[in-house]
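So the structure is just underneath, and the comments pick up after that.
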Amino acid sequence: MKIKKSTRIIILIVGLLLLAFPQIVQNDYYIQTAIMIAFFAYMASCWNILGGLAGQISFGHSVYAGIGAYTSTLLFIYLGISPWLGMLLGGLLAGVIAVLIGMPTFRLQGTYYTLSTIAFLTVVRILVLSNPTILGLETRGAQGMIIPLVNGGDSPANMQFLTKTPIYYVIIIMLVVVAAITNYLKNSKTGYYFSAIKTNQDAAAALGVNVSRYKLICAFISAFLTALGGTFYAQLAMYVDPSTLLGNEMGQQFGIIAIVGGRGTILGPIIGSLVLVPLQEIGRALFGGTVQGFHLVLYGLIMMIIVLFLPDGLVSLFKKLKPKNIKKSTNVNQLGANSEQ
Amino acid sequence: MNNNIVLKLDQVSKHYGGVAAVDDVSLQLHEGEILGLIGPNGAGKTTLFNCIAGYTKPSSGEIYLGEKPITGLKPHKICKLGIGRTFQIVQPFGDLSVLENVMIGAFCNTNSMARAKEISEEILELTKLSHKKNDHANSLTIVDRKQLEIARALATKPRILLLDEVMAGLNPTESAQVSEMVKGIRDEMNISLLLIEHVMSVIMYLSDCVCVLDHGELIAQGCAEDVTTDERVIKSYLGEKYASRNK
Amino acid sequence: MPLEINNINVYYDDFHVLNDVSITAEDGECIALLGSNGAGKTTLINTVSGLNKTTTGDIIFNGKSVKDIPAHEVVELGIIQVPEGRRLFPNLSVRENLLVGAYSKRAREGREERMAYVLDMIPALKNKLSRAAGSMSGGEQQMCAIGRGLMSKPELLMMDEPSLGLAPKIVEEMFEIIEKIMKTGTSILLVEQNVNMSLEISKHAYVLESGRISLSGTAKELESNPKLRESYLGI
Amino acid sequence: MLSQLAQPLLSGTLMGGVYGLIALGLSLVFGVMRVSNFAHGDLLMIAMYISVALWEGFGISPYVSIFGVAIFMFFVGVFIQKAAITPILKSEKERSPLRLILFTVGLSIFLQNLVLMIKGGAPVTATVPLSTQTLPVGDLIVSIPRLLAFVLSIVITVILWFFISKTDTGRAMRAVSQDRETSLLMGINEYKTYAIAFGIGTVLLGLAASMVSTFLYAFPTMGSSYTLRSYVIVALGGIGSIPGAMIGGLVVGIIESISAQFMPASYSEVVIFIIFILVLVIKPSGMFGKERK
């Protein structure tokens, strides 16, 4: 797909700004906030591949983040495998599990599919919470695992960094990659197929689309990428525990951010994250951590409002402006053509 | 039309509960033929389509594509083997443009974006939708949607095309336009067609041969003129007494 | 004049289903609405019922415009439809289906007497009251659907393809019932494929073709008009 | 062995009756409107918190406040229906469950965290004098509040069954659930019927919440497990079936209670999930109920 010149310039400027951001602000708090925004934008984008492109709504997607984080951490602790490699293995495992769980549940549509995603997350969380070991490896149940430091935490080869700036660059790169993948999918056979499945499975099948196969492919990609985000989050906190990574809260947030921003678009999850994630910080500033759940109250409220009044998400506000622009430009062309005559 | 049989139904039945929606139907479609399928509402025409295209498995009987039995195969497999279909209620993939809609069909035979685009543009040329190829599929008028639906199916390169009431909802001018297009498809692409239609004039104009279904049964088969003067057919359409009185 | 339909136009999205259709019906007479599948017959009666909206013209019933009244309130005026394909509530018993027919305020009072009256009109239902409607034969279902319509004390009864898919003997039985209903002073708008039977019992008839009235006149006139057959079979 | 199982069988039956009542409201809403309500369990949670607050703040026993709570919940239900669900249903030509799923998930998150914000995450319960009373029956111990809850659940189910099968409104609800267009043609006001169905659904939650608040703990995140359980019960018993919901509730209650003999108590949701998968394999029709009409 050809990208317009103006779009390229915007991408270039935004890219440079993103690169320069840590140098400009030089403030750990702001960098940390930017990391969280980028992280949730990344996760919402991963969710969006399944929920937005193919229309399969999951509110238990954090289960794959948990699988990724636990896999890379266990591989690191027991075998000394670097999380850079571990995250890929975790991603593969998450993808395979997504396919296995998808085989029976993708036959469900709508309500019962969404329900099955929440239920699966709950089950995995309970199993991790109430067992001190998994497959003989110590996971310490609810306590979670602390990731041991290498060289005092200064070991880029093991995804451990002393300052926030490199972490920021890691997640920005991940975000760019997932946006590029989404863009690629949207402009490829696979993405076209996802879109067809989302609108009408019967009509898709009539055109030769193997519906169940493409749903599974989509689940694999989405789970794989989500798992990478899980490892990132673990390395950011240097800590893995079931109630955060496998919590309902995470599972809900990925979806909410994408839905509020705009399902099925590249920018939607990013806009959603830019709008919603700072609310967490505002909540923290207002109540200083004494009040739980504040930002989620707002998330829930915003989601209800968006679903009621702006079902295509915040992104559709921009799109509504677009047709006017197109009309204007054609007018200009016509004028130009006339004057040439 | 020649005598090669491209599609053969052998005593196909479909029961729902105790009711036979399709009852022991046998028919043949020849290469290059347009076969009309008519009958009153609820006669089982769409169910028969669903059996052929794999959306429902016949309770008994066999369906052959050429020599190959295809009974009970999944819809996407049947599409790949060369049977395209349209639906009574058209639903374009609304997220995509007209061209992209057709490309989904074209991907049936290619993985390349460029090749799919090429095929689709050819098809759009043929279906006279080229000038709208970048329009949002949801913004199309009803007649364009119908043509898009056909274009999408054509892009899968079918040997046989099943058209389910493509003229429904069109005014006479539009329906004449689509009829011409359907004829063009047969002549230029050598595709055999099976079409369900309510608008009789369309059936008369297009079909080489007509099958009449009533209560799931095949009650008449033959050339258009013969069928419409067939007593059983008139009876099923107009009622018992009318048929006998106007003999 | 109980029913007067003046120049209505109905669209589904951009599909023009009814094009300037006008129809009038007298008290206690039967109007036959003929035409092939897809001509717009069902759309027409659904518009009278309030399920579709007309963009122009008016529908007047007993001197009152009904075109902007929501479907569930149209029933209160005495207009009821017996929909195509029976559309009984399959898991409700015959008795319950009849009771739902008398759901409207105009019919709720004295509905037990009404039911006795309906069962008198359609004796075939008498010993099937406790059967689940969905488990009955097509003919029995059609009788039940007519009974359900009668329960609402209709002044105008619109029947959509009542003979569809029924055996000839049952069709005759049903037409006898329709004649009985007419004698009670209820106007009937009959949509039918069974041209002959419909023309036999109706006074006036209209033929719809692609959303327009292509022929109209007394039943006698139409019966001998060769164009009628043409519009059905296209020859 | 048998005597070992008798006690869990008994507790499971008692609890199962309450589960049935909770699922009934969902079954009604799902059955009549085909509306997915992911906030079902959260509405139960809200009602329980209200019961507990009335007991702790004003000393009003849940057994007294039950009707007040039920009436309040009726208005909550009608409000949700009129403010959100009806507009969403009206705005869509082809009804798809998607927006309702998203809306009710939003509602669920909102309610959960509102309670968390105001009351914190610690579990609460209304410890009334009756809470700890038991009744020995042979070797078995019957908890009196649980027995009461069970009996009331059965009574309410019978009343509801009577309402649905014998009254005009009940018949109208069944008619709408089977064919909404034809219901309109019979003079039934579709959206009014929906509001009543949703209202009754939340009333049932209010009644159940009041009864269980004397022996179960309420906490902000309890909702999702009740939502899941209710959907499983509805799939088991058949969408919209009243006796089905009760039987499904008893089945789930008993399975949970017996499996708790072999597993840690925290595994109850694992058990529900396993039942979910089993229902999916054995009785898929329960979950493939048409959501589009």
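Order of writing sets the chain letters: A, B, C and D. Residues in each chain are counted from 1.
Following the convention adopted for this analysis, a contact is a pair of C-beta atoms (placed from the backbone, for glycine too) under 8 Å apart; a residue touches a chain by one contact, two chains touch by 3 or more.
Since this is a predicted model, take the numbers as computed values, not measurements.
Contact tally for A-D versus C-D: the pair with more C-beta pairs in contact is A-D.
Distances between chain centres, each the mean of the C-alpha atoms, put C farthest from chain A. Per-chain CA centroids place chain B at a distance of 48 Å from chain D.
Centre-to-centre separation of chain A and chain D, using mean CA positions: 33 Å.
For this pair, chain A with chain C, the centres built from the Cα atoms lie 56 Å apart. For the pair chain C and chain D, the distance between C-alpha centroids works out to 42 Å. If the chains shown are joined wherever they touch, the resulting network closes on itself as one ring, and no chain has more or fewer than two partners. Pairs of chains meeting the touch criterion: A-B, A-D, B-C, C-D. Every residue of chain D that touches chain C in the complex is listed here, in rising order: 168, 171-172, 174-175, 178-179, 181-190. Residue ranges of chain A in contact with chain B, taken from their complex: 187-189, 192-193, 195-196, 198-200, 202-211, 264.
Within the complex formed with chain C, the chain B residues making contact are 40-42, 141-142, 165, 168-172, 198-201, 203-204, 215, 225, 228-229, 234, 237-242, 245-246.
Against chain A, the residues of chain B that register as touching in their complex are 53-55, 74-76, 79-80, 84-87, 91-96, 100, 103-105, 107-108, 111, 113, 116, 152-153, 155-156.
For chain A in complex with chain D, the touching residues are 55, 57, 59, 104-105, 107-112, 114-116, 118-120, 122-123, 126-127, 129-130, 248, 252, 255-256, 259, 291-294, 296-297, 299-304, 307-308, 311.
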